[in-house]
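Shared between the two complexes below is subunit A, which has subunit B as its partner in the first and subunit C in the second.
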Partner chain A sequence: MTAGIVGYGAYIPKYRIKAETIARVWGADTRRIVDGLGIQEKSVPGKDEDTATIAVEAARNALARALINPKDLGAIYVGSESHPYAVKPTAGIVGEAIGAGNHYTAADTEFACKAGTAALQMCMGLVQSGMIKYGLAIGADTSQAAPGDALEYSAAAGGAAFIVGSQESEWLAEIKDTCSFTSDTPDFWRRGLSPHPRHAGRFTGEPAYFKHVLQATKAMLDKTHLQPTDFDYAVFHMPNAKFPIAAAAKLGFKPEQYKDGLLVTAIGNTYSGCSPLGLTKVLDKARPGARILVVSYGSGSGSDAFVLEVKPLIEERRGLARRTEDYMKRKTYLEYAQYSKHMEEIH
Partner chain B sequence: MFEESAVIRWRKYTDRYRLIGNACKACGETYYPAKEQCPCGGKEFAAQQFSGKGRLLTFTEVKAAPEVFESKTPYVIGIVKLDEGPKVGAQICDANAGDLKIGQRVEAVFRKFYASGETGVLHYGTKFRPVF
Partner chain C sequence: MLMVERKVAVIGVGITRFGEVWEKGLRQLLAEAELQALADARINPEKVDMIFTGNMCGGEFAGQEHLGGMASSILNLNVASTRVEGACASGSLAFRQGLMAIESGRADMVLVNGVEKMTDVSTEHVTTGLMGAGDEEWEGFQGFTFPGLYALMAKAYMNKFGLSRKQLAAVAVKNHFHGARNPIAQYRKEITLDDVYKSMMVAEPLTLLDCSPITDGAASVVLCNAETAKQYCEAPVYVAGSGQASDTLALAERSELHHVKATRLAKTQAFAQAKITVKDLDLVEVHDCFTIAEIMAMEDLGLCGNGKAGRLVEQGQTYFDGKTPVNTSGGLKACGHPVGATGVKQVVEVVQQLQGKAGKRQVKGAEIGVTHNVGGSGATVVVNVFKRGLP
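Moving on to the complex of A and B:
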């Protein structure tokens, strides 16, 4: 049994704040921030946007490309660390908004920035086992950062949706294989009633991001008997631009393999939407036969790795919905006070 | 704090979330929200899914808002003429009044309406944004 992507969709809010706008408020050195993180600006949700609304637009774009009846979805999973409710599923809101009927299983997932790729694996399992015909996996976030925290330069908003199916004739891309690497690592967390996450500074690097991304990638390459040179594209989770570029270099991937999916420089880290959005941007461009590696990372910690191969059908379907870059180009810049209002730090 | 019943809004989820109205079986006139009696005398209707595409007929900016929308000011409300015919009063999102023009193309999007206070239900539905 195998699984493939029969539809994919992206969404990024139109609002942006520049790193220099944030740095000015806190008296920080803009050059040092931009050079250090590699993030020029980040996306900010509209005042009427949250993880549910982002998930719905990404899902509608995925349905537009899949050309399936939403009532044929047997599962909807929404991965996020900023679900609108602590208790009440985002997945049900999405199901209602896309007209999925009622005969589907649903749940919200949470694993810091990799809740979306975990949802994708869950859909693969259900589709491959024959339990459902199609599954909808979404990663979306309106990520939070405490005012003045280093995360404020990167915590962004956006999401991506994937419809997974088992019929090879419907695939835009085959998911050839997946594997994960998971541990108990306290690099980043948010307690139940805290409005903002906390993190362990430099500890988020070597023992956290790099260990998990590198180990998951190596396991994936071993399992599939592939080399870095066998891939046309590679997408690594992007908490900033520095980490994925360093991980790619350590693993032997070249800039031409990862540059198309590296959207963190323009929109920031969209958390659960991050590597999934990198994948949508690659799918917007990749030719049939192209091989793609995607490796997510979620603090806490874990990485999910996927090997995909693009199918010919993608050529006639990708134009049926807005491309990731269409959303990246649409932007309105905010001043810091407006940003604070959008993030509900002030009312 | 104004708080509309969560159950009353729940009854409107289908049409609010997905822009579903109805069409008179006698004369074909389409309605959003759905009607139960057509001016032609018809009382039988079929559900009508609207495309969400339309034109902005008129709009205004709200600076002094009802309590539940106070944190969202300024925002734009307008009337959209859907391509299928009906006129819909709705918020126009992702836009400042100064950027909008009467007659421009707009499209339906799913957005948050408001929250019933700090602990109540969140209300979602359809708004319109400029086509880009």
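Moving on to the complex of A and C:
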């Protein structure tokens, strides 16, 4: 049994804050930060936006492209590390908002920045087993950063949704295969009731991000007997621009393969929405037959890898909803005080 | 009056990779160095009479004090095992304890370790912890950090002798050149003068590449009574002289900041015991926690006259194949600076050089080498002299 994407959708809030604006507040060197992280500006949620509203927007775009009855969804999973409630599912809010009826299973997932791709794998399993007809997997976040922390330059807001189905005739892209690499690696965490995450500085690099992304990718290539040169596009999780570019170089991928999915420079790291949004941006452009590699990373730590192949139906469906780039171009810049209000640092 | 009856030899060395050793904790680093040194000396742990372990911040950075017990229990031994602390000179102090234990006849075979695990805590935490090496009341509490203290010393030196930015940066470039040729070094890559100038300003005039890094690592050496050394080792290296001196904790209490008095005092003791002059030296491992520290050390050890070290470095004379090789290991700058391990690492480097085992950074025909290890801004200094032949 195989599974494919029958609908996909993106959403990125329109608000932005420039790295320069944040650096000015803390007396930091903007050039060093922009050169180091490769992030010029990041997206910020609106005052009335949260993971649930972002997930709903993305899900609506996915439905617009899938042209299915929302009541045919048998599962809804929303992956995030900023669910509005600790107890009360975002997935139920989304199901209600998109008119999924009541006959579906739902849950929220959390695995730092890879909760969305974990949801995608769960939907694949349910669809492939024949348990459900369609599954909706969403990765969305309004990620937090303590004021003054290095994360403040990257932690952004956005999300992507994918509807997974088993009918080949409905596929916009086939998910050829997936695999994961997981370990207990404490590089980044947030305890319950803590407003901001903590992280282990440089430890988040080599033994965390790189180890898991590289191992998951290698396992995926081995499993599918594919080489880096067999791919038209590659999307690696983007906590900043430096890490995915370095990972791509180590694995033998070229800039022309990863540049389309590398949206971190313009919107920051949208956490659970990050590599999924990279995928939606690639799907907005990729020609039928194109092969795509997607590798997520979630701190704690794990990576999910996917191999996708674009199908002809995508040509007539991609125009049915706003493209990822449309959201990237919508911008309203905030000053730091406004940003603090949007992030609920001040009330 | 120094009355030393028994002479001491180094018969085995062990050292871990230096760097961000994420996959190993304090215990593993220590165990790896200990076991390597014992294997190098071709002895069973049971031969060891005493253990001394240099460490500065085990409790602060790794939550582990009582490293004496740890060092012996790794080897399943019940012998006397003691942790020694003297800030960044902890490793050398441990070495001297081992040396004196054998000289006095209390022990015949001593294992000396130095270890530090630094990368499990934040840079801010490390910077604060290391400030414990200064004077808390007069420096730390006032907001000083070590880069700040050494920047003051650099400014004082520059005012006195007119050292150029290029001369200072040349120390880092040379040490990275050596580090690139040392398999255990943290930074095995060469850098340019321009890289040093352009790196982030830490404390004027010191930029990031003027500063030694935060490092995990451990080093061990096995010392034994020189009379029996040949039973274990074909090419023992002998401890020809050793000196230790102290000075005020706070810079403010010193009459001059452009040199380190304790280095001059320790050197005088060590050179006198070894019956050598500076002309006899083939290489030195000095404490370059900051580039300026290497400049001052060269002059305090007498490698050149006051105010002349910058020229020597700029002319390339301190490269491994130059007239006066300094820090062939890469120094603290490029090899890394796991504070408690550094003093022992310096001994490992000199021993390997004198045994002709230093590979691509080998100083040809090296017979006599010196280690120079500083605690804090110079409140504790140890200088040791090593010889290939029996002194």
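The working rule: the second predicted complex is superposed on the first by the 347 of 347 C-alpha atoms of A that agree within 3 Å, B and C clash if a C-alpha of one lies under 4 Å from a C-alpha of the other, contacts with A are read in each partner's own complex, and residues count from 1 in each chain.
Assume a residue touches a chain if its C-beta (ideal position, glycine included) is under 8 Å from a C-beta of that chain, and two chains touch if they have at least 3 such contacts.
Owing to the predicted nature of the structure, the values given are computational and were not obtained by experimental measurement.
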Combined model on subunit A: subunit C and subunit B, fit or clash: fit
First, second, both or neither for A:48, with subunit B first and subunit C second: first
Greater residue coverage of subunit A in the superposed arrangement, subunit B or subunit C: B
First, second, both or neither for A:347, with subunit B first and subunit C second: first
First (subunit B), second (subunit C), both or neither touched by A:330: first
First, second, both or neither for A:14, with subunit B first and subunit C second: first
Which of subunit B and subunit C A:206 touches, first, second, both or neither: second
Contacts of A:99 with subunit B and subunit C, given as first, second, both or neither: first
Which superposed partner A:56 touches (first subunit B, second subunit C, both, neither): first
Minimum C-alpha separation between subunit B and subunit C after superposing on chain A, in Å: 33
Contact residues of subunit A, present in both the subunit B and the subunit C interface: none
Subunit A-facing residues of subunit C, complex: 20, 22-23, 119-120, 122-123, 200
Subunit B partner contacts - residues on subunit A that touch it in the complex: 14, 46-50, 52-53, 56-57, 60, 84-85, 93, 96-99, 326, 330, 332, 341, 344, 347
Complex contact set, residues of subunit A against subunit C: 29, 32, 200-203, 206-207
In the complex with subunit A, residue positions of subunit B that touch it: 13-14, 17-18, 70-72, 75, 91, 93-94, 109-113, 122, 124, 127, 132
